[in-house]
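Please find the structures below.
One chain, chain A, links the two complexes that follow: it is found with chain B in the first and with chain C in the second.
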Partner chain A sequence: MNLRVRLAALLIPLAALSAFGQPGSQLRFCIRTDPKTLNPLMVIDDAGQTVRYLTGGVLLRLNRKTQQLEPALATAWKVSSNGRTITFTLRANVYFSDGTPFSAGDVAYTMERLMDPALHSPVGDSFRAGADKVRAQMLGKNKIAITFPAAIVGLDKLFDQVAILSATSPRKEMAALGPYYLSENKPGAYILLRRNPNYWKHDAAGRALPYIESIRLDIQQNREIEMLRLMRGEIQFINSLDADNYDVVKARAPEMAVDAGVGLDSEQIWFNQVASAPIAAYEKAWFTSTRFRQAISESINRADLARIVYRGHAQPAASWISPANKVWFDRHLPPYRYDPNGALALLEQEGFRLKNGRLRDRAGHVVEFSVMTNAGNRSRERMAAMIQQDLARIGVKLNVVTLDFPSLIERITRTFNYEACLLGFVNDDLDPDAQMTVWLSSAENHQWNPSQKTPATAWEAEIDRLMRLQASTLDVRKRKQAVDRVQEIVREQEPFIYLVNKEALAAVSPQVRNADPVALQPQVYWNIDTLWMGSGGGKR
Partner chain B sequence: MKKTRAAAIVFLMLMGCACLLAGYLAPASYAEQFREIPNASCSRQHWLGTDDLGRDRLSRVLYGTRVSLLLAPAAALLTTLLAGVIGGAAGFLGGWLEEAVKAAIDLVLSMPWLFLLITVRALLPLNVPPLTSVTITFALLGCLGWAGAARVVDADAKALAHSEMALLARASGSGGMRLLWRHILPNLKPVLQAQFWVSIPVFILAEANLSLLGLGVAEPLPSWGSLLRELENYSALTAQPVQWIPLALLVLTVGSFQLALNREEDWA
Partner chain C sequence: MRGMAGHALRIVLVVVLGGFAGAALARYAPGWGVDDEDLNSSLSAASHAALHASDANGSNPAAFYVDYWGRLLRGDLGTSVALHEPVSQLLKERVPETCKSVGAGLALAWTMGLGLALLSLLPVARFAAWGAWLLASLVLCLPAAVLALLCVYAHASGRLAIGLIVFPRVYQFTRNLLARSAALPHVLTARAKGAGECRILLRHVLPVAAPQILALGGVSVCMALAACVPVEALCDLPGIGQLAWRAALSRDLTLLVNLTMIMTVVTLAANSGMDLLGGLIGEGRG
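For the complex of A and B:
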């Protein structure tokens, strides 16, 4: 090797180091609590999901930006025509963080553990499709076919959540295939992750990923302290900000503020339609009237809610699926109307009369009811106060009640002693199949009238049929048609009156390069393996 | 010191007048939302600006003062009455009744009152107007706050029942009720007065604490506690200094009550 070649061999890695993987570079951010478990198959909380995302190696990865599946540990995959079997071709020459080689045997072992009834894995629950066992058949060192007892819709997407375990490593769950491995865990203080030297991925120039040497996850419950630490430069990003804090960041450090567009979460209000609920019969008649619900919906000024409560960082909702869900949102749905006069006309058709500024029903009962929401959630309390004024315009008196969360849950799930409720749904799954537990009339989370033995209304029966149809067919076009129809029915019947979809807001230090926050979780670090730390300010 | 006390009393009187005349002094309804100008700074139309929903802050401060300053003394009166009856009876009659009351006082004082209030409030009917809701909140505070005062009254009543004055009254033929009505109760008056004045700031702060948790006064009715929630966000520390006014009023009022109380204690 001559001198030039030697010098080049020395300088190229040095240049690469200075540009990306600075020795000792550390990314710091906060998680709210300690993970309840570090076993990736048992994760149920946000902190656990964060650790799993950063350390777990998966066969397929959902690209949070394009919302398309991409190969990861599997270079190719194929779902059989009956939807029961998925065959993976695995990447060769891949090693766990402790040096143990990765093979089809590890995938078989992971599936066995995942589906073990004694383990009660929440991730495994998504794969349960029948009483029979799941079979993993190794078709070679790098090929495996997994067969389920019944067809599963969106089967391949479910593997985004399955971190592959090592069947042979003495470190068991701690041997990682993801970009990082768990180095240190100080409960209540921090979790330290270090770069996995055996991570399989390389960048276009052939450099080993990830660029950042270590990640420190500080346990911090207080959001105000988290904000102060960001401003002091002690942490590099906040993954999810509320509108108030976003505006503070934007005012003080505009280069840090990131609005990734509308997110998947929704805020909605619903009326109690449970037949056995301990509320007056005339109130039940109001709440089960489609026109009454439509009128209430039309009298709510959603644009004002988005502009004032969320300081413009939300959009008026249009459906139970957010517009952020590129595949499943029905773009043909018209926007909700704000039309108090139209609302009054609807109410008059139903026998309601506005007299001396108060709305009365056919029997002369003054229309007055309460809406409850969880105490301490300022956004919901503000929305309730605004809806209170909106409804006053059509003569409806709304009493706002804030309750502690356990009491609220008790009322909506057990005693049904309430009239209306304002809450939100947090969605982290793009596939509408994940919401079967909400839309089936027999489901416990069918909040307006849960656990029905038979559907109480014809439209709920139709929703049941359509949701079962989309869950049983593998034809994506048919599924889309069924889900679109459900969106139309929900829009017409308004069992949930959708209010706004919040935007995904984050704060990211300019030190974090290549950051491209998106609406889907995990918003900021979804591309963790290509993030790198620069010094000082500059372009992200 | 006398001047400070006088200033405190004048301040309390001014606050009392402001809350009684809120309907005349407030430039707008406390509930009206001027949605085009949320979080507005001070102007000719809105002297203290508007809150995050565009409601006139001055109107809300005036009505909030009315709620906190009228209902806190009402709750204090309820607590004092309960403490007088329970503590007075226990101290005067003594024996097993006093032991039972002391045990009850220990039990009530050892309970986490905040969680108790949250639980009791969750059990109440939901569909009640805001004014009824706030009255219930203060009534609950009044009903749960008697224990500390009852212990003081019990000790005082016991001392009076065994005093030479009571012995002389008994020797003169005064029976149980007459002794209680004519001799013990009048002598308990200073203690009860002191307990009443001490309870007022305690209840103002208790309501503020509940409101900070979102469990106090229901929307749209304001109270000092609910107005203090504007300070939850740390951006408020610098953004609009007028947001500090409810906190300033709360501190000044509680402080004024303490200063005014000193004189009562001198009497006691």
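For the complex of A and C:
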């Protein structure tokens, strides 16, 4: 080897290392709590999902930007015409982080563990489609067919959540196929992930991914301190910012502020319609009245909520599906009206009368109720205060009650001792089938009146029928029609009064290169394997 | 000897009762046994039920407490429901951090508090006495959480906040004790005889006030320990104060009972220790 070749052999890797911030580059960001579990099959909370996303190797990965599935550990896949079987062709010469080889046996083992009824895997729940067992048939070292007892809609997309385990590794579920592996876990303090040296993915130039050596996830509940740490450069990004902090970042370090557009989450208010709830009978009569709910909805100025509470970083909601969901949002739904006079007219049709500035029902009861929300969430507390003012215009007295989250959950899921609740639902799945347990009247998460033996109203029976229909057909057009009709019914009946869809706001240090935040979770680090750390400022 | 046995018996009794009170309060607090994931729409009914399978363990606080003591006597402190770690492991990792915080905080508080109290006795340092009074009053007005946040914003250690929380109490009590002792007739006599200020302070004032100052020492340990909860939670110090905060938020019964008992033991031991020491000093002087 001559001198030039030797020099080039020495300098090219050095240049590559310096360009991509290696070695020793560390990305730091905060998660709110400790993961409830590190077993990827049992992940249930946000922190666990973060660790699973960073360490888990999946067969197919949903590209958060294009919202399309892409090959990962599977190079090709095919769903059978009956929607029950999916066949994967697996990538060859792939190894777990501990050096154990990956094969179809690992996929079969993962599916067996995932569908074990005794495990109660939250990920496994989305695959349950009947009483029979799931069969995994190995068609060779790198090919496998998985057959479910019944058709599953959006079957291939569900594999984005399934981190493949090793059937043979002594490190069990800690052997990772994803870009990182778990190196250290100090409960309550931090989690340290290190680069998986056996990660299968390479960049266009043939360099092994990921570029960043390690990721430190600091457990930090306090958002103000998280902001302070970002400003000091102790962490490199905040994945989800509230509007106040977003504006602070934008004022102090505009290059860090990222608005990825409207997100999937919704904020809504609902009335307690549970028949056995310990509230007065006349209040139950108000809350079960469609016109009453419509009137309350019409009297809320959503544009003001978006403009004032969210400082313009939210849009008035139109449906239970966010406009960010390109496929399933019903674009024919008109926007909500803000019309206090129309609201009063609706209430008068229902026997309510406005007298001396106070609204009274047919029996003379003053219309006054409480709305509860979780303490410490500034946006919701402000929204409640603004709704209080809106309702005062139609003579309704609204009392705002803030409770800590466990107390609030106890009331809406167990004691039903509340009148109305203002809360947001986090949505990380594009397919409306994931919300079956919200819309089926028999479901526990049918918040306004859960676990009904038979649907309490005709419109709930119709929603049940349509949701079951969309879950049983593979015809996307029919599914879309059914889901659109559910959106229309929900809009008419207003069991949930949708308020706003927040924008996905983030703050990312210019040190993090190649960042391209999106509205879907995980907003900032969805492309973690191609992020790299540069020094100092500059273009992201 | 009988005094020590009495103290030990009292500590055991209060710890047992305090632990049970802690278990009962946590069990009957609103939101016990619920989980954020109760609202998770992706879970089946069976998974929701499985999520709450462990709740039955603490539904009866008396039965839980009897079982807890049975395990405790075998050396098992149980497992944290929220952090999924054995409590003994969590304590092993976090007790040193809290000891350092409490130690540093107390050192700061006593150095400042006692130092300024002694200084305020000197006639030549009237200006310093006013300054010390002003500082103590100002710090006393600020809630512990505010002091902790100020430390965060100033990029200072949370231990400084603990010191500042304890300091005004130490300063005010010691200054009052010392001033009262300094006004005793034998001190006036000594001063009239021309004894120097340092000699008066060390030979006539401090020995008289020593038992009460030692008792304040025990109380200050409790104050520093209590301050650890908001300070560690806000300043991100991984000690048992932060652990207690998280245990309370997640209604982690096992962890809360353990932490309640630890705090009770430390509080009682510190007070009893100082009482005994004060008694010994009193006997020595007598």
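Before moving on, here are some points about what is shown:
Assume the second predicted complex is superposed on the first by the 526 of 540 C-alpha atoms of A that agree within 3 Å, B and C clash if a C-alpha of one lies under 4 Å from a C-alpha of the other, contacts with A are read in each partner's own complex, and residues count from 1 in each chain.
The rule is simple: a contact is a pair of C-beta atoms (placed from the backbone, for glycine too) under 8 Å apart; a residue touches a chain by one contact, two chains touch by 3 or more.
These numbers come from a predicted model, not from an experiment.
Superimposing the complexes on chain A yields a three-chain arrangement in which chain B and chain C fit side by side.
Contacts of A:404 after superposition on the shared chain: both chain B and chain C are touched.
Of the two partner chains placed by superposition, only chain C is touched by A:429; chain B is not. Looking at the shared chain after the overlay, A:189 reaches chain C, while chain B stays out of its contact range.
In the overlay built on the shared chain, the residue A:232 is in contact with chain C alone; chain B does not reach it.
Looking at the shared chain after the overlay, A:138 reaches neither chain B nor chain C.
By the touch criterion defined above, A:377 lies against chain B but remains apart from chain C after alignment on the C-alpha atoms of chain A.
With both structures placed on the common chain, the touch criterion links A:120 to chain C but leaves chain B unconnected.
By the touch criterion defined above, A:414 lies against chain C but remains apart from chain B after alignment on the C-alpha atoms of chain A.
Remark: least CA distance from chain B to chain C after fitting both complexes onto chain A is 6 Å. The contact surfaces that chain B and chain C form on chain A in the two complexes overlap at residues 224, 228, 403-404, 407, 410. By the touch rule above, chain B contacts chain A in their complex via residues 31-33, 35, 38, 52-54, 118-119, 121-122, 126-130, 133, 213-215, 218-220, 229, 232-235. Residues of chain C that touch chain A in their complex: 30-48, 50-51, 80, 82-85, 90, 93-94, 149, 152-153, 155, 233-234, 236, 238, 242-243, 246, 249-251.
Residue ranges on chain A touching chain B, taken from their complex, read 224, 227-228, 244-245, 247-248, 251, 304, 308, 368-370, 372, 375-378, 381-382, 384-386, 388-389, 397, 399-404, 407, 410, 417-419. Chain contact summary for the complex, chain A toward chain C: residues 34, 36-37, 44-45, 117, 120-122, 125-126, 128, 186-189, 218, 220-222, 224-225, 228, 232, 403-410, 412-414, 425, 429, 434-438, 443-445.
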